[in-house]
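As written, the chain order gives the labels A, B, C and D, with residue 1 at the start of each chain.
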Amino acid sequence: MTTTAFDILSEDLGRRGIDVPHVLARLKQQHIETPSWGYANSGTRFKAFAWPGAARTTREKLDDAATVHRFTGIAPSVAIHIPWDKPEDGDYAAMGQYARDKGVTIGAVNPNVFQDDAYKLGSFGNPVSGPREAALDHMLECCDIMRRTGSDALSLWFADGTNYAGQDSLRARKRRFEEGLGVVYENLPEGARMLIEYKFFEPAFYSTDIPDWGTAYAWALKLGEQAQVLVDLGHHAQGVNIEQIVAFLLDEGRLGGFHFNNRKYADDDLIVGSTNPYELFLIYNELTEAAEGDIEPARDCARRVAYMIDQCHNIEGKIGAMILSVVNCQEAYAKSLLVPRQDLAQARAAGDVLGAHELLNGAFKTDVRPLLARAREELGVPVDPYRDYVASGHDAALAAARGVAGGSGGGFQ
Amino acid sequence: MTTTAFDILSEDLGRRGIDVPHVLARLKQQHIETPSWGYANSGTRFKAFAWPGAARTTREKLDDAATVHRFTGIAPSVAIHIPWDKPEDGDYAAMGQYARDKGVTIGAVNPNVFQDDAYKLGSFGNPVSGPREAALDHMLECCDIMRRTGSDALSLWFADGTNYAGQDSLRARKRRFEEGLGVVYENLPEGARMLIEYKFFEPAFYSTDIPDWGTAYAWALKLGEQAQVLVDLGHHAQGVNIEQIVAFLLDEGRLGGFHFNNRKYADDDLIVGSTNPYELFLIYNELTEAAEGDIEPARDCARRVAYMIDQCHNIEGKIGAMILSVVNCQEAYAKSLLVPRQDLAQARAAGDVLGAHELLNGAFKTDVRPLLARAREELGVPVDPYRDYVASGHDAALAAARGVAGGSGGGFQ
Amino acid sequence: MTTTAFDILSEDLGRRGIDVPHVLARLKQQHIETPSWGYANSGTRFKAFAWPGAARTTREKLDDAATVHRFTGIAPSVAIHIPWDKPEDGDYAAMGQYARDKGVTIGAVNPNVFQDDAYKLGSFGNPVSGPREAALDHMLECCDIMRRTGSDALSLWFADGTNYAGQDSLRARKRRFEEGLGVVYENLPEGARMLIEYKFFEPAFYSTDIPDWGTAYAWALKLGEQAQVLVDLGHHAQGVNIEQIVAFLLDEGRLGGFHFNNRKYADDDLIVGSTNPYELFLIYNELTEAAEGDIEPARDCARRVAYMIDQCHNIEGKIGAMILSVVNCQEAYAKSLLVPRQDLAQARAAGDVLGAHELLNGAFKTDVRPLLARAREELGVPVDPYRDYVASGHDAALAAARGVAGGSGGGFQ
Amino acid sequence: MTTTAFDILSEDLGRRGIDVPHVLARLKQQHIETPSWGYANSGTRFKAFAWPGAARTTREKLDDAATVHRFTGIAPSVAIHIPWDKPEDGDYAAMGQYARDKGVTIGAVNPNVFQDDAYKLGSFGNPVSGPREAALDHMLECCDIMRRTGSDALSLWFADGTNYAGQDSLRARKRRFEEGLGVVYENLPEGARMLIEYKFFEPAFYSTDIPDWGTAYAWALKLGEQAQVLVDLGHHAQGVNIEQIVAFLLDEGRLGGFHFNNRKYADDDLIVGSTNPYELFLIYNELTEAAEGDIEPARDCARRVAYMIDQCHNIEGKIGAMILSVVNCQEAYAKSLLVPRQDLAQARAAGDVLGAHELLNGAFKTDVRPLLARAREELGVPVDPYRDYVASGHDAALAAARGVAGGSGGGFQ
């Protein structure tokens, strides 16, 4: 019998007190939701480059999401965007069935209250009542769609804000928002969650109406327990410690989910983990510490977090990029499972600054690919999903079948 | 009779619907608190340059604060820092009397839980209980000092945090803080407020335990109505909209006070208004809109805000810099009083983006010096406080009397 | 005779040693170029809201630019963008004549090497030669258009860069750029200038090929004296001191021009001076100090700077916003002309930190509107251009005549 | 024979075309210089916590540097700081001999022109000539010290700048700097290099006189070929792509050296690689690509780069932190040696965005510890330097021998 990289790694982890079978079990339970809009063409304000074979319809988006799941085994659900994914005939049951036939399910419902002309000065924050009511109608429609698709998460992102100081009353906008969200909350399907996303900039440039986690959290407190905060990794100012926000929200039981992506400066919506893999690891470390720990409500909260990708693939293929994103989340999660929690707790209690830091980093430095290969074998998916996908020729086949679609003009949060 | 700049301005403001006598009345009621530590030498981590004549003792600091009040008429109180201002004999009554004799009063009490060796890994956030208890003892002592000095504000800033990922549990630090603050809150003097300051960076570099207003606000909610948030203008990441934080906290009745200063990049602690005077105006605009409006609790909250300066004068004279700071606040406040609120409300309601922006800016563009000159005349102070101070020769007199003190090594928040 | 605000101001300035007639003369010589694309609809990646009456054709853009000049008197030229402003019949002479008939002239020529599908991975920086050659052909065509329109400035902005680390060789891209720029430089019309714009982020997110002034300057040095640097106010990281870059480039004779706009976080392309009017003043202060001084090459360089607006009006009217932008530049320039240069030099030489700062700020605090009113009277334009424009009903007339155009999809630098 | 992690890794790398013996040879040639001041106590402006056993004298600093070299095998030289390391008797020969006896040599000489009272308004940029001349005298003394210690690098960092707009002429400061640097350059020892460090902020807050690489580079061009740019990883605005600056300077033959450290927001001077290990890898990737390539002058330039650590250990032990820093550089360098350059070149040429990105990341993901263990065995040093150092009890021995020194007040660049 030949000694393999997995054997070596497994033995080494065992020596460090890591329960490898438990780690493998967790890795097989991981679940990352991909976004329907991530399979269509997208771009910057300067240009949307068309990718040959990019999805043109919701069916094609569901097909592509199913492909990602087939290659990774841990992406079984798809977030939808209304109205981009609205069936012409309104038959959501058929849409759900189509998804299930392909091997995936419908995940979070994402309303769009930023692309109608009426929303130029905002939706719930608009100084004029018409657009506020239109936004509310749309939200209630989305609650209904949740009931029809069986979705249990309403994922809210708003483009609202102002571009010029003085343009509107910041306090009045706040109160309008609290009113609008209150009505939506009352109409959530039973057992469903409202995930409130924040963003400190763009597309409003002077102020955004939900600029930070503090605002989203304050409103979640007012609304009730079904309201939680959604963290998009690209929606913070430079230098903000995101994993600390995650830790705070976990400790209060108010972390609802993520929009995963990465950025160097603004909301670049690049592949998650591509710009700063260490940050992604540190975020997963907080989640795993809570989920594997015994402190409530953090433990329960961590186990219910909705992990969703929200990216904008401007110059690269869509499916390959999505597979890479899922893989990057998988690697970060795997590393977080290798942190020796007991040793770490001891080092921290002793005030051993560098000792604790190094224990954490030991996990990050570990090459977890042999571990993931084993988990993938057990999941029945390719050992190297991205390489296999590229080798499969699927992109070329899609390009031949679908051609080059015009830019979809899709907006991305 | 000669037409003066004030006449011209007054007439013009009248045409725009501004009640000039009301503005003058408000300007004479303005109150800015200066910090005792701002009169001593300070510096950067590289060097503390000594200013000839800088205050060496609390008495000298109180003398200097009284000088600032004498030249401006609107700086009648002094924040103190414990233990830097601790009387050797513990006679706080004598300290208060000394201040009153000079024409000022004792304002907020600022505990120091960052300069003892024990606080290397934190105070309330420390993984070890000893430093946590020492911090608590110090806080309770400060509550007692409040009673003895008649101070009604406990102003809390913490240097707590971590420098390296993994060094400590972010959630555990949060819970330790909540515990410590809870005990202090229970021991506040009756009717006094606890002001919780946040800071997203420095002197801890990987994480700070109260990184943002959201954290301070969440804790204030848990503690009770006497707990409010303190906003230091230099404690935010680049690009953060500070006036929006002010607006949110006002609307919730949780804005407790300010530490005024300015910065270009980090927490530079420069003269308030020196780097971005427009931002200072926008902050005052929110405060004035709330204070002059009729919406509660914002109105009441705005009227109780503690306006405090917290600066670090590294290369310039202390008293002159403090006078300039007070003057800059005065100018910003004056401009905010000139905003035509009714016209602005109409433009906003009509969605007139640029019209509303220009109404606000019209106030900013106004040269309010003639207005301030009038208010100062009525207050019985020099019409141009900074110029008069420079011309007075006071700096040279202090230098002759006090000499050059060594760097005080004072820390500044 | 009634004493006016101008009389009061003029007398006060005289006392401070300011030569008011000289200031008025300078103000009447000021020249701000507006961009043809700023009159069309534009937007963010999320949505381009259509403004009723926005220009649909180059003729309409020239009409609108002429309107801005008619209301301000200091915006006599228009930057054009190729191919957006390419005449169908190639008759640039007719285009120039049309402009002159309307009262304006053609200014800088702006090539576009970012909107063809071929440029997905870059133009001059592209790893493949085809797009590089296409970009070169387009540049040479633009040099030809300069000859035909009499334009003396080629204004270069590139969207080139990479989104993912490793995607391309950073050094190879640099060398490709140096090669491409070299060929263009050799083909510049005689006496014309090449203005090289830099931008540290967007639409490429991991690296941009001309990220900073240092890169643009290094290349200008290699190319020759006709190559200069173009500073866009929105193209820097947070905290960068833009006026210092201006000072450096002036001192080396390499400051070619500006793209004026403003931003709070990224490249927001808001109205210049709307977010940070003090910064705009400080930039003008450097320009005026050089232009009114006697040190070469700074003096000559400052006098030849091309002042151009480059904005993106997403939620506001185009012409009104452009008038405000011109007015904001005018105010900043006027204030810079009021700085008492001799007193300032003395304060600086004496190391009087706050004295020097206050002399500069005295100019900023001055309300220059009476001065501008006088200059406008002498120019024969409205005393309050924005208010007059709004009152003129021109926007409504254009909306009636032109209707609502679809989003032009225009890209903005 | 047992299969080891090294065997597995070595075989895998071989399959990917990596020449493992070459990699090991390179790793054994790596050279990181540690700073004498990094072994003394340091702190923030708020507090300098004393570490028991921290070095109190230059001899102790040299002892500690020798310890770091003994544990790592790749830190054979020590940067010195004048006057902190000035021998009382001026016997530099004895200092050099002491170092050699301990097993290390004297590296770069770092002048200090920021801690004398005279430098309050700057050194070379000072508006007054006295401090400028004092700075020049000190620089010439340092050139002399270089001759006496055999040092071949003068490492220049300046605290110069201004805190308030208007305080001094930005152009005048620039010209004064050019004059001062010119004199120093003329007095460099033959064959020695002048390394010009830049920093965009702190301790001057409004402007720093060498804010960015562009300024340092422009001056290096003017001075001559012995002048190069020094990159400190903490001296950039947020979002700046440091590896691209490295690439540019390499391509021009003007990259002189590094000050390694890490930061989350400002110039935190944390352990290099501790906050963003991926960034450190990307920087090493540029260096290795140049050094192992065949393009001049990049290749030669890369091979002469001075790798120096400049950190400030505020709450952790000095020697352990320095060992970790050296190890982190070693890991980043090792990973950069594993990048499959030929495959990468092909992917780039083909425009395969994600393929190229993944080839680079494959190297980053690799756990290089088995490789470093082998290199360390061959160097005759511990396989796990940090763990061995902690286990050695050396810190406790030093604490016992040296006691707790007061804060050294050392400044750090």
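Annotations
Assume a residue touches a chain if its C-beta (ideal position, glycine included) is under 8 Å from a C-beta of that chain, and two chains touch if they have at least 3 such contacts.
Note that the structure is predicted; figures quoted are calculated from it, not measured.
Across the two candidate interfaces, B-C and B-D, the one carrying more C-beta contacts is B-D. Equivalent interface to A-D within the set B-C, A-C or A-B: B-C (over half of contact pairs identical by residue number). Separating the centre of chain B from that of chain D, both taken as means of CA atoms, is a distance of 39 Å. The multi-chain contact residues of chain C, meaning those touching 2 or more other chains, are 121, 163-165, 200-201, 206, 237-239, 241, 264-265, 274-275, 278, 315-316, 353-354, 357-358.
The residues of chain C lying in touch with chain B in their complex are 2-5, 8, 12, 238-239, 241, 264-265, 274-279, 315-317, 320-321, 324, 331, 353-355, 357-358, 364-367, 369, 386, 390.
Every residue of chain C that touches chain D in the complex is listed here, in rising order: 121, 127-128, 162-172, 174-175, 200-201, 206-207, 211-215, 217-218, 221, 236-241, 243-244, 247-248, 250-252, 278, 282, 285-286, 289-290, 295, 298, 344-345, 348-349, 351, 353-354, 356-361.
Of all residues in chain A, those touching chain C in their complex are 42-47, 49-50, 114-115, 117, 119-121, 159, 163-165, 200-203, 205-206, 237-238, 263-266, 268, 270-271, 274-275, 312, 314-316, 411-412.
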